[in-house]
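Paired with subunit B in one complex and with subunit C in the other, subunit A is shared by the two complexes that follow.
And then the complex of A and B:
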């Protein structure tokens, strides 16, 4: 999923997938850009080189005038169980300067030998453009049977020529606040590279994206000092 | 079920408000603009003293803040506030769970320049002897127009106010003032001040004397001089209280720089007398504007001695405000505060010295968008950082406001990761009477929603509302009614309902 951030210099953080929550990375393509009113993307990430620990997901998005909408499905598989997430989102984008999205969904955690736990998801995403700066806020509300968690992520993207600097801060609603920074550079309109570091997950990130006609292929690698290397690939078709 | 039934009238009212078509009113509850102990001082009256009571225009407002989920035995009414302003008089009242406060004032009526009765905030001269109690924690530069010998400012808050009265009479170039007050909880300690002020061409000279009836009785005197230069103003005050000298000075040159110094015994309204070496403050401020960038640098120091203890606070703050374009603005600030406490039990002992440093920084981006003539959207993205006791704490806030016709919807999400000893400041949600900010510590998050609906006419800057909402008062002036209802849901504080009835006249 990280690879999509490199493809789009805006580096949106709007892919609410299991992978994002697991690896602490919120990065995705801007499926609502004027150049791509419809898009379908799928991705698969192998986590930390552990056999059977991987994330796969698919998302479809479309836009009808000023109203974007989308659905996404994702599943984290592990040797001890699965975590599945389904979400639907609906938004409003009156112009190019502002976009808001509200989303709702369900999350099911199944661990071998234990009853499945279900959580109701709600979220809100807002993005505002101001000159060369894009500010993003992403709010997640996860309501479980015994507790409710509110997570907030605020990101700022500054554009300088064909390069972008992305700074994000993530609050998990408890006592952990983490910050991340990344640099994106695009070459010849078809190749984009990303490099970054996230303090919360203590991972170094790297990604490359190649755009060919209506297809976009991205590969991403992120390394944790203790847990090891994760790697993934994403494929997007848009029209 | 009972709670649900109680909310039905509010829902019905909201639906009715949504059907009206009045243009949006100014919404000045800029949540998240405070560090709690901000340089300007804590303005806990800001919510109540709305435009109707601050301006000299006619106006009236009534605020009710209700907690529908109040616990059994707990009062559901959180705050009740009312204010009335006519051409030459005004009144304000506020009732909270902490008590009641209010004042009546008359101004510009013949030779009577100002009269205030009730809860007042007294001050003398430049504050060398007597200053607003709310300014004690942080030096605060006063507005230049507030120069005067004895002042009694009406208040609707118990914090920093006393019970009493003050009057100022102005005849030609001479001004006479008198004020008397006592603490809320002590009807035996009365303080009386009187002053005389004379204006010359570019200079104003005033003298004041005061006396406090308590054991031991104390008296004080003050001499104030204000002189205007070509593009600057200089104020100085020398005072004597309880055998000690006190002084204060203030200078300002346009909007560029500003400085104020106070020495001696600037103390709260009660007791009135200063003690030797009680408090010394200094404040320097410089403002600049280069293109679309405004800067403001503020430095201040406070030294307070009390017996064998000495407290010092040094603070420096820099703010930069930059317009990205017509619809977006970036604000950044950084502030460093050092607090030190020294306790010297005897001249021969080593004493005890404790120092504590803290810095805060914040950055916020505000954007405004108008998708249509009746709709506007505002955003604020804000990050706060505090470093205290060698650890860094962060707080993030996103706030969005959607205004469409008579209905405003504001959604705010905040989360913070702070150490137990660190404090963060969040906006209180914009409900009248609920206060300006709330403090948080440790880790947590908050999601709040505020819905505001209006019914009636809005009067933007001297323009009256639709004809059908007008009514004539006795003097032939218009009074435009405005009913406003705010409902707030907060994941930490739970639902609150505020209703404001307001009218303004031309």
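And then the complex of A and C:
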């Protein structure tokens, strides 16, 4: 798969979910209780303490029988331009042990003083459970005008009592691998504390997620070895 | 003669005395009578045949009238056989006139008020009074006013003859042997929004607006004029052509983008190249552009000295090489610079110099290390009160381009005789009080690093240009530092924090690092937003700071 190695280096915009950013992968319901049939999530992360550099987004998800679906919008804004991403996903979940999602979307890069550039997105997400173990794979393909970029994330979640350990590996378009690990502890069903480290981004991550009725609030802090601290908040409503 | 007849005679006497000029086609078209310095050899009289047919000069003479006397004396008598073609010029002048006149002769004109005329026997063909002559017997209606030395009087347009010297002639740059108004003349001048002297903080593109004017009598066709910019160090760097035809008297504004990458001064020449052009003098204009700033910083300001002591401004060469600041000036918020008084002033690396209105008194008031200089002209008298903003100190180079400009806060009454030491050497014109710290000793610390400045932590600063930048360009990172910084490492990260490229490490300052937009494996990065980080380290490897700059990268320029 990595033979498709991209001709450019870079990264996609990540939706500003505090939980996803802390564990290093789209963990879904792992660690946060049962997955709700419908949810709307909004998030905002200030990056590295740099004025004007932040990523914000909104995401809606739902499920009709065995067919989950969702849409999301995210935008990275900065003093020199913006990167925006819109995507839709549709999947199949026959039971509680397996979930797969296919997604497509568009990414627009608008740099000040230059014409906007578009890229087409395609991706695939799969999660399978076997006992206390959940395996996750997430593939992103970004097709730009003159290059194609592929990123792969693989994660394994092991549950021990009320805690989960999440190990992730990330492959970028140049077959460069990086690894991360995260721990999630749940308390009384309403509070989850997350901590993690990713060597690809040289970031130590910590977050707290509080669930209150139909609302879930997550706050996170991310300490990069060179660039400093990022901080974010996520608010989710579900029913 | 009866009384009534006498009255009519005297009433019309001035009319009878006016010169009766015959329209024979030949007129004085241009007259140059006052050359700077000695006039001999430079004076000329240019004649023009305005008739539709050739005119013979047989019997024609050029005569001179001395305004302090009466009558005419012959300057030149035309030899037989001379003919001036229709519309042609014919010039008489000294042997130093270029191009050489048709007739080389010593003119012996005076600087006015005087007059010359062309006669044919008893017929007066033309009369020109000049230099302020107002005697109606020697002018046509009104004489031409006096002009500056080095200037001629010229009929404009050529051959204009309304019978009024003052109306027909204008002061002009001499054009011997050429028409006063060219038929083909394209001139190039910088538009008002394009200053003749300006500084660019970073290498990059400067947009020059040029006014291309048709000063001739004939329309300039589209694309007939090439407007180019010449950089004295690298040659032609930009060119374009006029987009549309330009009628006489009209102007087309032309935009030229020049890329200036080398730090330092660029002497640029804008030139309008028009193959038919008859006036080279207005084809060019000179500009000066400075890329980057000389590392001369305002490091201390004493705005409130104790009674009897003068103000001073301390300057610091933060660079690693000698800096020639001869002709540099300082000013406050008012545009009245005072030049630092020194025939030659070279500041060594890391050296302080002090500027004050009275060096001797300053030395008697306070310990001064290093060199002290007065100013030519009036001292700017920097304000000392005003809350968060009291005044600004602006240092300018010899072209009056700003080198450093800092604002400083006002002082309280109990802070008299304390100077403000600049502790943030990288702050430019800003009104943040954090830039400054009060000196810890009365009288300040002119010529040496103050205790407050010494206490400030080492820092590095990176300036990035162009930003955003385009694939294929070079991103230029200018690195400066304070004392105590041994190295600065510059890297590029994507917004997730992944390292994309190592641009390099600087270990002497100021330094410039370049990035070609490629990642560590040699591929061009995608279009997007990145973060450039400058990490500064001490000699023992301790990290003392990180400066972060958001950088935009686009695949295609607009």
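The rule is simple: the second predicted complex is superposed on the first by the 203 of 239 C-alpha atoms of A that agree within 3 Å, B and C clash if a C-alpha of one lies under 4 Å from a C-alpha of the other, contacts with A are read in each partner's own complex, and residues count from 1 in each chain.
Everything below uses one rule, namely that a contact is a pair of C-beta atoms (placed from the backbone, for glycine too) under 8 Å apart; a residue touches a chain by one contact, two chains touch by 3 or more.
All values reported here derive from a predicted model rather than from experimental measurement.
Asker: Clash or fit: subunit B against subunit C, after overlaying the two structures on subunit A?
Answerer: Superposition check on subunit A shows subunit B and subunit C fit without a clash.
Asker: Subunit A residues in contact: does subunit B have more, or subunit C?
Answerer: C
Asker: Looking at A:154 after the superposition, I want to know if it touches subunit B, subunit C, both of them or none. Which is it: first, second, both, neither?
Answerer: A:154: touches subunit B, not subunit C.
Asker: Go through the superposed model and pick first if A:100 touches only subunit B, second if only subunit C, both, or neither.
Answerer: first
Asker: Looking at A:83 after the superposition, I want to know if it touches subunit B, subunit C, both of them or none. Which is it: first, second, both, neither?
Answerer: After superposition on chain A, A:83 lies in contact with subunit C alone.
Asker: Subunit B and subunit C, closest CA-CA distance after overlay, in Å?
Answerer: Result, nearest C-alpha distance in the overlay: 10 Å.
Asker: Identify the residues of subunit A that lie in both the subunit B contact region and the subunit C contact region.
Answerer: On subunit A, the residues that contact subunit B in one structure and subunit C in the other are 149, 172, 174.
Asker: Subunit C touches which residues of subunit A in the complex?
Answerer: Checking each residue of subunit A against subunit C gives 6-11, 13-14, 47-50, 52-53, 55, 76, 78-83, 109, 111-115, 117, 144-147, 149, 172, 174, 178, 200-203, 222, 224, 226-228.
Asker: Please output the residues of subunit B touching subunit A within their complex, sorted ascending.
Answerer: These residues of subunit B touch subunit A: 324-325, 327-328, 330, 365, 367, 369, 371-372, 377, 379, 381-383, 393-398, 400, 411, 413-418, 442-447, 491.
Asker: Mind pulling up the subunit A residues that touch subunit B in the complex?
Answerer: 94-95, 97-98, 100, 124, 126, 128-131, 133, 135-137, 139, 141, 148-154, 156, 169, 171-177, 179
Asker: Give the list of subunit C residues in touch with subunit A in this complex.
Answerer: Contacts found on subunit C: 467-468, 470, 491, 493-501, 519-521, 523-529, 531, 533, 535, 546, 548, 550-558.
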